[in-house]
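In what comes next, chain A is part of two complexes: it sits with chain B in the first one and with chain C in the second one.
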Partner chain A sequence: MSQMSPDITPAADNRPHAIRAYAPEVLRDALRKMHLIRRFEEGAEDSYMRGLIHGTMHLSIGQEASAVASCLDLGPSDKITSTHRGHGHCIAKGADVGRMFAEFFGKETGYCRGRGGSMHIADIATGNLGANGIVGGGLPIAVGAALTAKRLGRPDVTVCFFGDGANNEGAFHEALNMAAIWRLPVVFVCENNQYGMSTSVARSTAVPRISDRAAAYSMPGVTVDGNDFSAVAEAVGTAVARARAGEGPSLVENLTYRWRGHSKSDRNRYRTKDEIEGWMARDPIARFERELIAHGILTEAEAEGIAAQAVAEVEAGIAFAKDSPAPDVTDVTRYVYAGAA
Partner chain B sequence: MNAVAEVDAGSRVLSYAEAIREAMALAMEADPTVILMGEDIGVYGGAFQVTGDLIDRFGPDRVMDTPISELGGAGVAVGAALTGLKPIFEFQFSDFATLAMEQIVNQAAKLRYMLGGEASVPVVFRMPAGSGTGAAAQHSQSLEAWFAHVPGLKVIQPSTPADAKGMLLAALADPDPVLMFEHKLLYKMRGEVPPGHYTVPIGKAEVVRTGRDITIVAGAIMRHRAVEAAERLAADGIEVEVIDPRSLRPLDRDTILGSVRKTGRLVVVHEGVKSFGVGAEISAMVAESDAFDFLDAPIVRLGGAEAPIPYNPDLERAAVPQTDGIEAAVRAVMARAV
Partner chain C sequence: MPVEVILPKVDMDMSHGTIATWHVAEGDRVEKGAALFDIETEKAAMEVEAPASGRVHHVRARPGDRVAVGAPVAWIYADGEAVGAAPDAAPPPPAPDGPAPAVAADAPAPPQPDPGPAVGPGITTTGSDRPPRATPAARAAARVAGLRLSDVPGTGPRGRVQADDVVRATATLRAVDTPATEQGWSPQPGPLHVTRRAGTGAPIVLLHGFAADSPGWAPLERHLPARPLIRIDLPGHGRSPRRRIAGFADLSRMLVEAFEDATRDAGPVHLIGHSLGGALALALADIRAPRVASLTLIAPAGLGPQIDGATLAGLTRATRPESLAPWLKRLVADPDRITDDFARAAFAPRRDASLRAAQAAMADALFPDGTQSFDLRAALARVTAPAQILWGRQDAILPVAQAMQAPGDVALHLLTGTGHMPHTEDPDRVARLVLRLAAGAEALAADNRAGAARA
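Coming up: the complex of A and B.
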């Protein structure tokens, strides 16, 4: 290439992958979803503090690029399985924040009619097979969903989200092995946010990179900056295309960080203020927004409009949830079995 | 049982294992979403030869040998059921379901409820269970009560070839997860099995033998021991009513309570460990109902010993109820000697 004269070399396109590969409206919608996730979780946190939501919740603030970019190439019939830190996945796959808030508020209008809450939120209609209260619980289920697609000859792909903590569960290893031997259309997306509750990956995991484990199951494994929207979109997009082409599973590790604690009971004793602030300076939303503006996809004014729209949507969602009816307590055993309504 | 009665004409004698295989084959012929999963169920034919030659008829894509990964395999079956397949997952031994409790108890049982009725998990787990094969403590357990404790699961326990076929077909038509416990000593037991498709309803007990003096509730292999004991007792003029619950969750409350109201005496027999078992549930159900007023003697439970299943054959027999023990228990109740 160095021998070529500059005048016959095509103009190198050094723009990030996502800018090159996706239409502007797709990118703007991705930014909208990232803002919506952030505002949704802040709204949920605020509602929790006000006593409107009980129990606990696991916030993914700081991980929005991973959720949205990983779902970019998925259509409504594609599936995801999610985790206890799953609000972002749910919104990325197309859920309505009003029904999500209603679920958190324990209302009959919620996605699970108030029976599931934050940790079991799902939206079967948009292909979200559900968050999961069990670390690693969704991994074999995702493989099963991929088996259905293959068996029925459907082009659907399943994206299986899990955290770094799950990579030491037996279910992770069993699931990856079966996906590989049966060449199933599933993409394992590890959101490595550095800690399984308080235990760091370095202390819990025998390999330096979780994606190294892909080699044990004869599948591609790649680690990317999970706060770089474009890098995630490229890595997961490649894996989704490979799965859709019948070439089998892949493992993508998105390195990211949760700004908040593990759950509402976390006192953050296992990490430093400097570390948290260092990651907050790498805000995936601000970064993606700057990128879109720099490449002329978005104006400053449009960016402000998208952010304001997310605020309004969250406010409307909270109002919907507050106004929704609670379940009838005499219905406590309803939905245990089909037809037992 | 009405469906069985209608097709009795063409019945043949099949083993319990053959009856299950016939049910699976019928279901697979009728519904392309039915698949079989399990360890060594393909060319090996299953550890107890239940799947047998089905791989030759339906191929390896529908008769899937899984790796030795009970947790993952059960989870794949759950995920497949959640998205449109109807998997029948064979645990090689029901003991190995302990490795898959997460997927059975946390996922399959709860998904419909956690999702407010929006999810359905129509999976069938086949559970070879019970002692008497010399396989000792980790291959001989009767864990059905564990699963019957979990709302969202259905637990069935057919004890004849005809029921095994009809209940498996009922389980496949059921939109909820069903665990079918198959006592290993029954696999070679032979009996009349109607041809074609029929179902034996889940949640309906069978009155195997009618009698006025005492009720025995006994399922799986214990049903057959109870009938044998009842025949011996009849020679002495003791008329035993034997009820096979067939289904533990849901339990056929009406049939059991009706019988106790009639006989006024109850012995419950099962192979699972006695304490905190199925017998405790049935006894409590009677004690909490108006049937309590009809009791003429204390309820007696016979169950597995408070020990793992031992290897030595004499110890193994001693660890679970046998016909002699059932007969003795009935005589003791009749004599008010308990």
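Coming up: the complex of A and C.
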């Protein structure tokens, strides 16, 4: 990101941070990824309801700004660790939706040859160390990846996604402590979507802000509106720059909301329709799109084109997955563990 | 193109789901996201929302039907879109598993204005003789306790038996062994329990009799296929709270309240009441006349002082099926109807000593010394809605002679070979009479409206 000095900026440039700091094509691609995540998850939901997907599935519809803006400053050699609600993170880090659908459908062309499914998509090539079915399971892995980068002297940063439910796990506290004492290049991104399954943050967490917990581990902690693309990009971008500069870890809390239930078997008894609709009115995609149009980065027609392209890409992805071969039953025990990196 | 509504997968490892109830009827308009129907799986009950806005057509799965995941159950047409034949009119394949669809014949069938098939691919129709819904924990607990699940009153969603229910039933059985004190009950607050069945047309509201409950309407309901039903449990009965009743006026106030709550969104309704429920239906028709389109009174109370106090006392006193059965036999013309199994099933909700005590207290308030303490003959004379009285000639509880109170405008049907329970002893005939009166009342109302429009 660029720091502009006041003497060369006439009056104040009060455009949002993201508009100032990133090239238009980067912003347009970010919007494309947000649409792609939304359509991907809608397609996955429809496929699930038709019985094409086994197991369960956790949708992040409504949280797209958090996923995409958090990965904005990451290159292919930077790493992420994700959660059970990780489709958005995969796409933000550059995953191909066809191979993701194939993984969902248990097909040989899937990211893990169909062995993993929704909660276990990993793609080492793009630095995605994997989603994780264990709440808080990605935190120690992220610290390990950051330790690797530091020991090897590489400039790689790891962004560790986790939810509000994980912030009360022991692994969260151990990971933050260890990352801080070793000044590791890791950014802890808490996607606080207000509920761990059906338990609200207020009922489960002693501090009013999860970012308050950063103080206990001597690292910066900041809470932002997770549905505001620019706010997330600024907060996580600052933290990534700090990590890359060798100054150690940070904790960023993105306040957001999942429109859908915890999983596909959630009966939604703990939230009111009013609450859900209130958050749906704060749609991060529509908001970012309006912002880009308002600042001349995008025309209405271009915005429509991006949305239509996402629809087409998801349709093509589903078709690819449906047409892909199923694994051979004689190979059932193979490809369960990752090969040596 | 109409939007297909499928039976969605909502649970892991779910291959089929059972439609529990539709929240809309054929032809209704829905908004995207509105509740469309409920499905039941092995583990949960879940509401399915409309995938689009428009009108619902070609509904091809009925409540109770078992449907394969992904099978279409209806289509939603956009406003102005022409409704043709069902987009997918493949004949239903033979049922892969589940009970044979032989019972489909007497299961209620909604009217099918379109030529589409009543059931579609992947849909298995089942009757109401399904085994009771119960959680796995409840099944295990019942096995250990040696209880039949059908004997355990369920308090879970739609009557599902929960583990707690088995524990309670076991405790009650133990209490029965050491006779409970019959005064032992305490009044509970809360609104009366209402259950519904979706359908089309003006709803039928059902008020059961003393010591009965809403499930007792089931035999009659099978013969009332299309219409929506609203059943109200009287206080101290079925799943309603055990409220204390000072007298008939007090009871009718509670019923008016429940009736108004339950029918708030409906136009005028067809009201059916049996025995004490008949007296309450009459009271409702008297004070809420505009809300009542037609009135069917089945052996109603309140038309004379006599009542068989011994049966009232016997019913409320019985602590086991063996002592209940002889009194149940008094209710019907043919005592052979009351088999041991029937008595056991009828006793199941009465295992609860506090329910029996609450009903005994209610009997004492309404029928002190074996006498009907309230008189609704004046109300009967004031009824303006099309009305009929049905009475079994062999009624041993309320003398059929009381039916002679019927004023000239009220039709009187005296049923031969029938006791105090026409709606269970002769449900086919009762349903026919109810529907005939309802149709007549609706035609008359339409005529009147047309006349008023011309005037």
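Here is the rule we use: the second predicted complex is superposed on the first by the 326 of 341 C-alpha atoms of A that agree within 3 Å, B and C clash if a C-alpha of one lies under 4 Å from a C-alpha of the other, contacts with A are read in each partner's own complex, and residues count from 1 in each chain.
Basically, a residue touches a chain if its C-beta (ideal position, glycine included) is under 8 Å from a C-beta of that chain, and two chains touch if they have at least 3 such contacts.
The shown structure was predicted, so the numbers you read here are calculated from the model rather than taken from an experiment.
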| item | value |
| --- | --- |
| Three-chain arrangement built on chain A, chain B and chain C clash or fit | fit |
| Partner chain in contact with A:A231 - chain B first, chain C second, else both or neither | neither |
| Contacts of A:G51 with chain B and chain C, given as first, second, both or neither | second |
| Partner chain in contact with A:V143 - chain B first, chain C second, else both or neither | first |
| Partner chain(s) touched by A:M219 [first = chain B, second = chain C, both, neither] | neither |
| Angle at chain A between chain B and chain C, C-alpha centres, nearest 10 degrees | 100 |
| Per-residue contact with chain A, leading partner among chain C and chain B | B |
| Touching partner for A:K264 - first (chain B), second (chain C), both, neither | second |
| Chain B versus chain C as contact partner of A:C71, first or second or both or neither | neither |
| Contacts of A:V157 with chain B and chain C, given as first, second, both or neither | neither |
| Chain C versus chain B - closest C-alpha approach in the superposed model, Å | 19 |
| Interface residues, chain A side, partner chain B - complex | 79, 81, 110-116, 120, 122, 124, 129-130, 132-134, 137, 139-149, 151-152, 170-171, 173-175, 177-178, 181-182, 333-339, 341 |
| Residues of chain A defined as touching chain C within the complex | 48-51, 54-56, 264-265, 267 |
| Complex interface listing, chain B residues touching chain A | 33, 35, 61, 64, 66-67, 69, 71-85, 87, 102-103, 106-107, 111-120, 151-152, 154, 174-176 |
| Complex interface listing, chain C residues touching chain A | 6, 8-12, 15, 43-47, 69-70 |
